[in-house]
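The data blocks that follow each hold one structure.
Paired with chain B in one complex and with chain C in the other, chain A is shared by the two complexes that follow.
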Partner chain A sequence: MNLVSVAAKNVGRNKGRSVMTVLGAAIAIVLFVLLQTVLSAWNVGVEAAAKDRIGTRHKISFILPLPKRYADDIRAVPGVKTATWANWFGGKDPKNPNSFFATMAVDSKTFFDVYDEMKLAPEVKEKWLEDRKGAIVGDVLAKQLAVKVGDRITLSGTIFPGDWQFNVVGIYEATRKSVDRSQFIFHWDYLNESIPEKQRDTIGWVIARIDDPGKGADISATVDRMFDERDIQTATMSEKAMNLSFMAMLSAILKALNIVSVVILFIMTLILGNTIAMGVRERTNEYGVLRAIGFQPKHIVVFILAEAATVGLFSGLVGLALAYPIVELGMGRFLEENMGGFFPYFRIDKSTMAAAVGLGLGLSLAAALIPAYRASKLSVTDALRRIA
Partner chain B sequence: MADVESGGDKGGGDKVGGEDVGDDSPAKSTEGHPHRAGSPVSRSGGPPPIIEMRGVGKVFFRGKEPVEVLRNLNLDVPEGSFEALMGPSGSGKSTLLNLIAGLDQPTSGTARVAGHDLVKMNDSELAKFRSRTMGFIFQAYNLLPVLTALENVELPLLLVSLTASERRKRAQTALRVVGLEERMDHYPRQLSGGQEQRVTIARALVNDPTIIVADEPTGDLDRKSADDVLTLLERLNTELKKTILMVTHDPAAAERATVIRRLNKGALE
Partner chain C sequence: MIPIKYNLRNLAVRKTTTIAAGMGLGLVVFVLASVLMLSEGIQRTLGRSADPDVAIVLRKGADAELSSGIADSQVGMILANPGVAKDTDGQPIATGEMVIVLLLDKIGTEGVSNVQVRGVPDNVMKLRKDIRIIDGRAARPGTDEVIVGKAIRGRFKGLDLNQSFELRKNRPVTVVGIFEDKGSSFESEVWGDVKTLASSFGREGLVTSVRVRLESPAKFDGFKTAVEGNPQLEAQVMRETDYYEKQSEGTSIFITAMGSVIAVFFAFGAIIGAMITMHASVAHRQREIATLRALGFPRSSILFSFLLESVVLSVAGGLIGVIGALAMRFVKFSTMNFASWSEITFSFEPTPVIMAFSLGIAVVMGLVGGLYPAVRAARMNLVQAIRGG
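== the complex of A and B ==
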């Protein structure tokens, strides 16, 4: 027995109130975990960016096109091993137009060399290269669109209007969990040949693999310098920075989610603070007894903080125990399968788990500081006179 | 229990408020109490009293208005005595007990208890003094409901450098002394009022204090339980030589003490 264990036992004293408090705080922790998981899932592409890849886009905006010949120019820059390009197509499934997935027209000869985390069997790649309307899809998207290899599919173009027919020739394998398994990839040549002539020979962005990740900044600067004197200037950056610049378009949403997280934690602190303050008020007489028999004010502080820590720890653990099945068994799977473009990997990461338990504990302690300080400052005789 | 004659057994040369009162103090009560004393008891040339208060005053403030609860109080309590403090409500009994126990400090005067000058001690020193020197018995028992009888008794030992098994052993011994060895693992809610008070006594005893202060220890008990508790206090006094100061309203309880002091309007009669 020690002071901390005695304090922990006190939590079970008013079981109803303790359970309600832990549940209230645990629900706040669940919401916090969900929001943080949304944020980390959104950032998973950023975090998983390859260090040896740099991206080049239009200097003004992501959505403005680059001339296709820029890709060849970039390939010639010293330090660049290979480069590929892609164009955002904006295709929709006419049967389910609200369903979002990435559709990209890519340089089919080089795309899978640069994005080597997406595996394609050599014979499948060969078959794809032979089929002008051939498309490669992710397994999650194939399930969502209910297509298999050999099927024909029609997508509606949003950026390039019309009905576009494709043959599903293969399904790529994602070798990293950060890879979006719901992409739709087809030949840029097919797109280029099918659109009006004045729109032809443009691409969305170029991604290059470089020899030395440590020289990424220098190579990026060389690329941009090369196009400085041309009509269209470029912005070249690491893949991570490029992903971040894409994420910047969603910054308001991300900021809002962060603010909501803080508000939730604040509410949780109030719940805990109220319960702890009530408990301290009820037990003032006992603190008086403890002081009378020789315990010091610091012991009273430890006693109250230990009780608060127990409640906070339980709240964090219960919250995590509730959030885990919600995310891992329900929500995560659903989002990965239906919104893989936004959430390729929607799972609770370890830092969120640690934050949930740590915040439960830390905020509980913070909420207990004032009641603990006040209780420690009470005179012994005043405390002894208090009746709960 | 042997009736300890405060004057006789402890010797002569007693004082009242710092003045010599002769050898036969304290005076017998006309109401049949074994002894009635508003006077400190000390023996010239003998050991100094364990409690020695001089010119003690205590003023509380009700808002801005000062309320004088104790005034110019002198008190000597010899070691090993069992004294009862009586008086009407508001006479200052509990305040005096709190000052002696180091729970509060006087507004004026000096208080020397078990060799410690309480007036000069800070909060932390007073806490240490209480844990080593004093044992407390409260009217409402004040046991922690989440702890068993044994754990409640063990509580003061958390402040002492003892191993868990030593603590347990001492707490068991204290519970044995109060006759509750069969109830060690019971929670306060599973005990009767008398048993709870005996656990409180064991808790007061476990640190082997020099002085035990009891504030209305029988106030919430029926006659039979009160008698048991008082008998226990007598034993602690006679067998373990503990100095006991007991505040009580109950004349029957006071009769069990060897000295009865009466307080009225903040002064010893």
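== the complex of A and C ==
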């Protein structure tokens, strides 16, 4: 039996307190994991952005449209493989007007070529192309709207007024975790033919696939230069930059969540430090005895740190064990199914898991440093005289 | 009864643990109070934009100004309805406004963000009586001059006095004044001439909303029925108070929900922290407790005394938390409002209810955390305790 394992056994001396400490710190770990998961879920769009896609939008405002011919102009730019466009439709389920999901009118012939992480069987695509009012939905949205292939559905338009009828002809399959599984996609032609003439032949944005991801910046610059002298200027950037600029709008919330994460870790350190300090104070006498029979101050330090490490490790593991089912079985599934537009993928990252256990261990050790140092500096006589 | 001095002294003797446990509780109260203050701030900032006398007319089906559109020719038809207040010249006190969001570079971060730009006609000050120019001067009607709300002044490139930004290529507008409006969400907007904006964006002949001052709030129902009953208009009418409440709903619910989840977990952690402290405190004082019992103090007074000690600890922590939260008043929180997709600057707004509630939660945490140790103290076996400890 070495010193470390004896120290680890010390954890069991005051079982009630150790259990409470581990529980308290574990709760902090659970919250830490939850917050980090929220943050990484939001970041998934940035991290999983396709490197070979660039997006073009109106330079001044995202609510202003581009002329439809811009899409053809972009297709002609050297280095661009293919391009597609879409309009934000802003449709709502009349039965449930508060639920949010993406509704887009797209260029049906090219949309799934550009977004190849959304898979559609060839025969379904063929059927869709033939059905003017046909719509393709994500599996999560289909469940939410309670529709299946072959059903008819009416959405009310917030931007384009009126009731709009669609036939659900297919469900796309998401082959990457970052894909929002609650999108509603239909033919841009259907929209264009149904709106007043003045508004026709405009598109919301263009997404292009390029040959060489390394040339993204050059091609983007070429596109913007091409439209610079026209009536409407554009801003073109990589998909990643586009997603990042969206995240910037939420930067205050992200910052707040990060601050709260740090505060949690601080509280955890307080709980752990408190317990360790108590344990050390109670056992000062024993440290005196150990010193008297020949143990060095460094042994006392190892003694205290090893005990702290044990508690910290347990806290991290218990916290993770609690957080895992909460996220994977409860919250994650709920958020993915009900708020898929915001959280297409809500799962614990491996790096978050590692951080949780690592921080439990590390902060516990940090909290133990001062008590350990003090205990090692005590003279033997003082330690023996001390009462808890 | 055991004098409270006994408990206070005990807390003072075990300084480190008292401070650690108190700080844990304080942080919980701080986070809880801050979140509630922010949620309150969101509701109030948008609520202050609303005037109970003013009705907003949007296109039917539009859920916000941004998605709405009303033809100029229809504005006259809307204003011809009964209930509309008139000024001394007999003109209706009403505005046809155009709202656009512009992507501007956010200073201090690398990103861009949406800023709400509102085109207003020259009689807007008759409708919005509280707008005051605090720096520079008012914009001249029909020009390329704009005024900027004080909450976003200097937060975006081009949005400060005498600076300019482009509405489209070669169409710069100049900031000539900074305005305030009793802390409403208008302070996060840029205001320019409605005609200038419409022509820059190619939206001539169109406004996004019509705001109408009514002769009195009681005239609302009549006005609403008249406008919504006109099949030529296809418009919907809301009280501004209702409209802005709806605008703040999403963001405020989001912040409250997220904050509450965080606060609940925090509270568990802090309760356990208080429990550990009180538990140790009881364990160390076995002999003292036994002595108190031997002196004739009943079990109930021991229980009460330890509960009191825990509550004193939590109130002290809670007070620190509340005071810290009050300091958050000076922090501005600027984020995207989900309803308008644009940046609005909110502040943390304290109310007595929030402060009392947060402190109340601290007391509850103290009671819950102190209960088990206090019960243990009260049920202690006298003989054993006096021998051991």
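The working rule: the second predicted complex is superposed on the first by the 384 of 388 C-alpha atoms of A that agree within 3 Å, B and C clash if a C-alpha of one lies under 4 Å from a C-alpha of the other, contacts with A are read in each partner's own complex, and residues count from 1 in each chain.
Here is the rule we go by: a contact is a pair of C-beta atoms (placed from the backbone, for glycine too) under 8 Å apart; a residue touches a chain by one contact, two chains touch by 3 or more.
Since the structure is predicted, the reported quantities are computational estimates derived from the model, not experimental observations.
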Touched partner set for A:60, first chain B, second chain C, both or neither: second
Touched partner set for A:384, first chain B, second chain C, both or neither: first
Which of chain B and chain C A:2 touches, first, second, both or neither: first
Chain B versus chain C as contact partner of A:297, first or second or both or neither: first
Residue contacts with chain A in the superposition, chain B compared against chain C: C
First (chain B), second (chain C), both or neither touched by A:24: second
Footprint overlap on chain A, comparing chain B with chain C: none
Residue ranges of chain A in contact with chain C within the complex: 16-17, 20-21, 23-24, 27-28, 30-31, 34-35, 38, 59-64, 90, 92, 97, 156-159, 161-162, 228, 232-233, 235, 244-245, 247-253, 256-257, 260, 263-264, 266-268, 270-271, 273-275, 277-278, 388
Partner chain A, residues of chain C touching it in the complex: 16-17, 20-21, 23-24, 27-28, 31, 59-64, 66-67, 100-103, 106, 109-114, 166-169, 201, 234, 255, 258, 261-262, 265-266, 268-270, 272-273, 275-277, 279-280, 284, 333-336, 341, 343
Chain A residues touching chain B - in the complex, by the definition given at the top: 1-3, 6, 9-10, 12-13, 285-286, 289-297, 379-381, 384
Touch list for chain B against partner chain A, complex: 98, 101, 103-104, 123-124, 127-128, 130-132, 136, 138, 140, 142, 144-147, 151, 154-156, 158-159, 164, 167, 203, 207
